[in-house]
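Two complexes come next, and they have one chain in common, chain A, joined by chain B in the first and chain C in the second.
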Partner chain A sequence: MVGNRRTYPARGDRRVHITYRPETLREALSLMKESGKEKRVKPFAGGTDLMVRHRGWHGTTSGFPSDILFLDRIDELKCCGFYDKEYHIGAACTLAEVEQDDRAPSILKEAITLMAAPALRNRGTLAGNICNASPAGDTLPPLFILDARITLIRQGGSRTIPIEDFITGPGETVLGDDELLAEIRIPITEYTHLCYRKVGTRKANALSKLSFAALAGIEGGEIRDIRIALGAVAPRIVRDREIEASLQGKAFDEIDLRGTLEAYGKLICPIDDQRSTAAYRKQVALNLIENFITRDIREDIQSKE
Partner chain B sequence: MKVRFSLNGKEISVDVDSLRRLLDVIREDLGLTAIKEGCGEGECGACSVLIDGKIVNSCLVPIAQVGGAQVLTPEGLKGTPRGKCIVDGFTEAGSVQCGFCTPGMLMAAEAILTKNPNPTEAEIREGLSGNLCRCTGYDMIVRGIEIAAEKGEGLW
Partner chain C sequence: MKDIQKAVPRVDARGKAEGTTAYLADLRMEGMLHGKFFRSTRARARIVSIRKPELPAGYYIIDKDDVPGENVVAMIENDWPAFVDREVNYLGEIISLVVGPDREEIVRIHDSIEVEYEELEPAFSLEEASALKGGPIHGKDNLFADYFISKGTPDEAFRKAARIIEDTCDTGLQEHIYIEPQGMLGWWEDDRVVLKGSLQCPYYVKHAAQEVLGCDDEGIRVIQSTTGGAFGGKEDYPEVIGAAIAVAVNRIKKPVRIVFDRTEDISFTCKRHPSRIRFRTAVDEKGGILGMDIDIHLSGGAYETYSDVVLQRTMFTATGVYDIPSSRVRGRAWATNMVPSGAFRGFGAPQALFGIETHMNHIARELKVDPLEYKSRYFLQKGAATVTNGRIYEDVLLPEMTRQIREMSNYKRKYDEYSKSFGRGIGVAFALHGCGFTGDGEQRLIKAVVRLVKREDEKIEILVSNVEMGQGLLTTYRKIVSKVLGVPLEMIIYENPDTARVPDSGPTAASRSIMVVGYLLQEAAKELKQRWDDESSFEVEKHFKMPPHTSWNQDTLQGDAYPSYGWGVVAVEVEVDPVTFEVETKGIWAVHDVGVPIDERVMEGQVTGGVIQALGYGSLEKLELKDGRFYQNTMTDYMIPTSLDFPKVEGSFVENPYPYGPFGAKGGGELVFDSAAPAFSAAVEQAIGKPISRIPVIPEDIMEVLS
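And now, the complex of A and B:
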């Protein structure tokens, strides 16, 4: 091949793909309807995962297996703000936009600030992180404890469902073939204690070994509300309302800490991979839960008494 | 697909496959080779450019999404008073060793100073967190940006 410039084919299907970049939601939904069961069209928000997943050899076109629908020009998907006592985040809002919005829930902002780096946060979206449905998605534990709901929209209808029901497994969601994730809705939540921890190898650009989000509302020394979610320690985000209910209404000396940790231990079933080991993930996850209950909350309350 | 956008202040039009990366179009079709492909995954920042004033990894941007946008590369930055000031700061602090990360670092410096003309060291390090350098240990780059902030008062 001396003297010939060899071009390598991109990975995946080699047919030329059509890209759509509509300005209205109506056009986008009509494309999704036509796309239908064959999944001919892939919605593309920030693309920070898709561009890596379908990356071609250097200098060649990215090897996408389908046509692409860019969402970045659709104004209806770019709104962030409060409506009906819920904070709404449009599917095309970037992580940086949410991070810089004073009205956004602080635990979500904290998680976003620890994600990737500024350049990726200027492109990546919350909607993409949700639809990717990775067990290690950093925004998912905060969204789970905030009881976020997801609005899915298709031509002629829409539905709003809890995020827990939206994600069914690693990379799997209930998003219909003709549907788009339009927005995320987060109700106002009152709490007295908040904790977010990301465990990774570096401060920036690290995929999580695991992540932890928790909040609690304490009144008169009793737990009024407590919510705990863990990422990257099971096929889905771990949040258990039964364990949380068993802690509610209790004073601190009434809590069965060992029983609580055992109950969480049964739900935490991590894997060994290139980022960490199952044993490390499980131990750290349990330590973070224990730390939240015994240090973050109890010591804080005792110091105020 | 024909894509029109502004590159370093000049309106241009390219006719390329809509899913080609902005990085490849800038380097191969337009011949501006300051930005580099390091990792191709958005981790190293060697391909950083500003799109509408925001820093992004050009290896993750399909050219179709650039339509109508303003793109700034190191070639465009260095011709401006701000760019000259950053280059002078880097020169004075010895911020360059092998040079592979430098174009991306210049763009990150511009993004940091645009956001905050008087950044703290922590803010500079946060702003550089998506740009990898394997030579300097970062201290000289941080210093270079501090010098640019001091000497370039009023530019940002």
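And now, the complex of A and C:
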């Protein structure tokens, strides 16, 4: 084991936990397999969520309930780039690295730029934002409309699944006990209209009350492709391919706007919390959908005619 | 510009910017122990029993049984127990203090203390407090204070009224979010307790520690540590921490330090008083104001702290900058099962000013007149009677300030244009802020004393109990003394106060540090200059005297509530997003009369900081109480503005020297907080075309108003 073993007493049970910091993916996967069944090891990428979740009284060590596996030294997880017409983002790539990469999808970069503050973006990772599986995760709506896929890897195998299938509920994913998220793959997407809106509690260093990502491809006045995703308005990111399909191939005067909003309204079931109200989230989510269809796209097309 | 106004480099800037200045959390002592409060988890209950774990050697649980003197946090009324005796009145009330060398062990001990409660029915809201839900928390009626003042002939005004216009205005809780959380270090030295802490009022902490220790004046010494912001939040709560540490040090005789986490700080330290103010205004046929009836309710939390005085300031500011011929003002401060409300920049005035400014806007709206034009008709002038039947003794420059704000903000064009459609708005709000303690408090309660020492090495030392807390006092006091003496700034010494060395010049509060204490320093420096050659080293002492023009009766609350006022006007321009109801602030303009600014850059800093803090209060800082707990108790959820949330404040000053202030200066630290919140809400009102009478004005509420 190249990684450092540092022990510290845990609060409460006083059991000694171990931190691992391997330099190869092989070592990491072997560790995951060894301790996987008892869920004893927690993969740790940027730690911007984990450190807050497990913080203790100041001056005490964080109260992690398990061993920790740092991913930050594994070069194999740090690659970003295009292969096979897909943009790949390694699990140890920071948000800032994606933000500064010219090849990264612009809507994803826009979402990242509005996240937290530079110091946190230098530390936090896209993979961490996905595994945290918060309904308010800011990168999720863009990843959903971009049809991003997630590659999971375990000793002796890997699988690649759509992001929609990866996240199953708030804080819940299909990540196996012995698996690591290795990379995110984003196919090249063509579109004519793109919109990202973060409705935060303030302009910077803020969590989202809700977020909205949409794209559309318009050809000859007809909708060739339209995709809409909403964050923080339901237990999971809202994206509905049936509603999207119902809009495809239509000209604008053929769109049943009211019916579309009603259909989305059924999927939007937000909560009241310390940041906003369910009523606000729902109303604004519907306003954003309507605004995208009627103003961002239709008025734009009309202005070009 | 007067010479005194020219900005000099701040004495403390370099160390703070470079990070070399030591704050309380940086201080360590040999053998120092850490302390962590054990707090109640119920908002209202009786303690049936407490089970403490067996303690390892060197660990202590300090509680009421360790208090040698009175088990109280001495403020105005001694109603706040230092440690819970039997009754718990708010969630988070201090039951005991766990002390020891290892913080992990302290947490373990803390987490294994078990308390059995007999739960009682809590009263959280003003409605519940006034209905005495669960029985009274304080006295027989839940009232910390209930006052009434009257001016002119209000009965007649309402009899003659052609119409009566009414409003109910609400303001919310606010947390200070000083950069440095609360903290204090105590130790045993020369047979007495010494406290060193992040605080505004060394003698307040000394008084509180003295009561709890039952010791004489010599039994306790308090030193200020460099304080990373306060905003009033370190006027009252350091007494709570100080009393507890004093008891612990007295028993253990070792150094003990308490430093709060941000979440502990937000959850359990004093907040700005929430308010509900009802206005009724009698208006004649032509739209002229005949009289006002104002009913003020403040939510005081579980113990009194300074609620009595905060309420008085709310009442004495209730008619704002306006000369209202007749008025009745009733004020009540209620006890609730919430963390005690306490001091916060503005001290009751911002609540009143949000109310009166909003109400005046609504009257103008009803009468279909431009609110700025309508307000201008009622400005107080020199010689006018105040709401307490005192006088305005100074020139009131509001007409000139209004002219400037109109010009700077391009008010007229914008107001007319934005009236025609949805989405944009401009609002203007006025403020006055009484400088110094309310009524004759400076003479009756504070009795400030300052000393200046000429030393052998010809350096001059300032001995006062007022503190630098970010507002620039280390620089401005030195400037006053150096200018009078005509010596360089470097010749003046002014250390963080230590009660073993400095006289009691009163608290760092109430916009009094420059006007009251700074004036005494100016007078002391004048005398020192005269006697300069008499001796190689000597001391000059000056005692506060009320300015001869003022008179006040504390029993009837009649007369001059304040010797002088700071004046301000702020304009805010906004744009409301029709899709998300988010508000973008497009411009902020401010004109203030603080007499003469002692340092232009320091005062500009006060204006920017105060205005932006007030815009946070008016637009972002939602703090809700849920089952006795603050719902937004982290920096993630409690929203203060960032540098991206508001544009630059365009500010200016008018000069209006006050004869009893140093170089003509009046108070300004609180005034700058007073106008921006009502200006913001007025701008949003115009943008959405609907009245608003509650702050913070958040998008959720805008949506509700519009639907």
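Here are some notes:
One rule holds in what follows: the second predicted complex is superposed on the first by the 292 of 305 C-alpha atoms of A that agree within 3 Å, B and C clash if a C-alpha of one lies under 4 Å from a C-alpha of the other, contacts with A are read in each partner's own complex, and residues count from 1 in each chain.
Going forward, contacts are C-beta pairs under 8 Å (C-beta built on N, C-alpha and C of every residue); 3 or more make two chains touch, one makes a residue touch a chain.
Just so it is clear, the structure is predicted and the values come from calculations on it, not from any experiment.
Applying the stated contact rule after C-alpha superposition, one finds that A:Met51 touches chain B and leaves chain C untouched. Touch criterion met: A:Gln283 reaches chain C, while chain B stays clear of it. Legend: residue contacts after superposition of the two complexes on their common chain; A:His17 is shown touching chain B, with no touch to chain C. Residue contacts after overlaying the shared chain place A:Thr192 against neither chain B nor chain C.
After overlaying the two complexes on the shared chain, residue contacts for A:Gln274 are found with chain C alone; chain B is out of touch.
In the superposed model, A:Asp72 lies in contact with chain B only, and not with chain C.
Once the two complexes are laid over each other on the shared chain, residue contacts for A:Pro118 go to chain B alone; chain C is not touched. Legend: residue contacts after superposition of the two complexes on their common chain; A:Ala204 is shown touching both chain B and chain C.
In the superposition on chain A, A:Phe64 makes contact with chain B only, not with chain C. In the superposition on chain A, the residues of chain A contacted by chain B and by chain C overlap at 52, 58-59, 61, 203-205.
Within the complex, the chain A residues that touch chain B are 16-17, 19, 21, 44, 47-48, 51-52, 55, 58-59, 61-62, 64, 68, 70, 72, 96, 116-120, 122-123, 203-205. Residues 9, 11-12, 52, 56-61, 197, 199, 201-207, 274-277, 279-280, 283-284, 287-288, 291 of chain A touch chain C in their complex.
Those residues of chain C whose C-beta lies close enough to touch chain A in the complex are 34, 36, 103-104, 106-108, 111, 259, 261, 579-582, 620, 624, 631-632, 636-637, 639, 641-645, 699-700, 703-704, 707.
Here chain B touches chain A in the complex through residues 1, 17-21, 24, 28, 37, 40-43, 45, 48, 54-57, 59-62, 64-65, 67, 108, 111, 126-127, 129-131, going by the rule given at the top.
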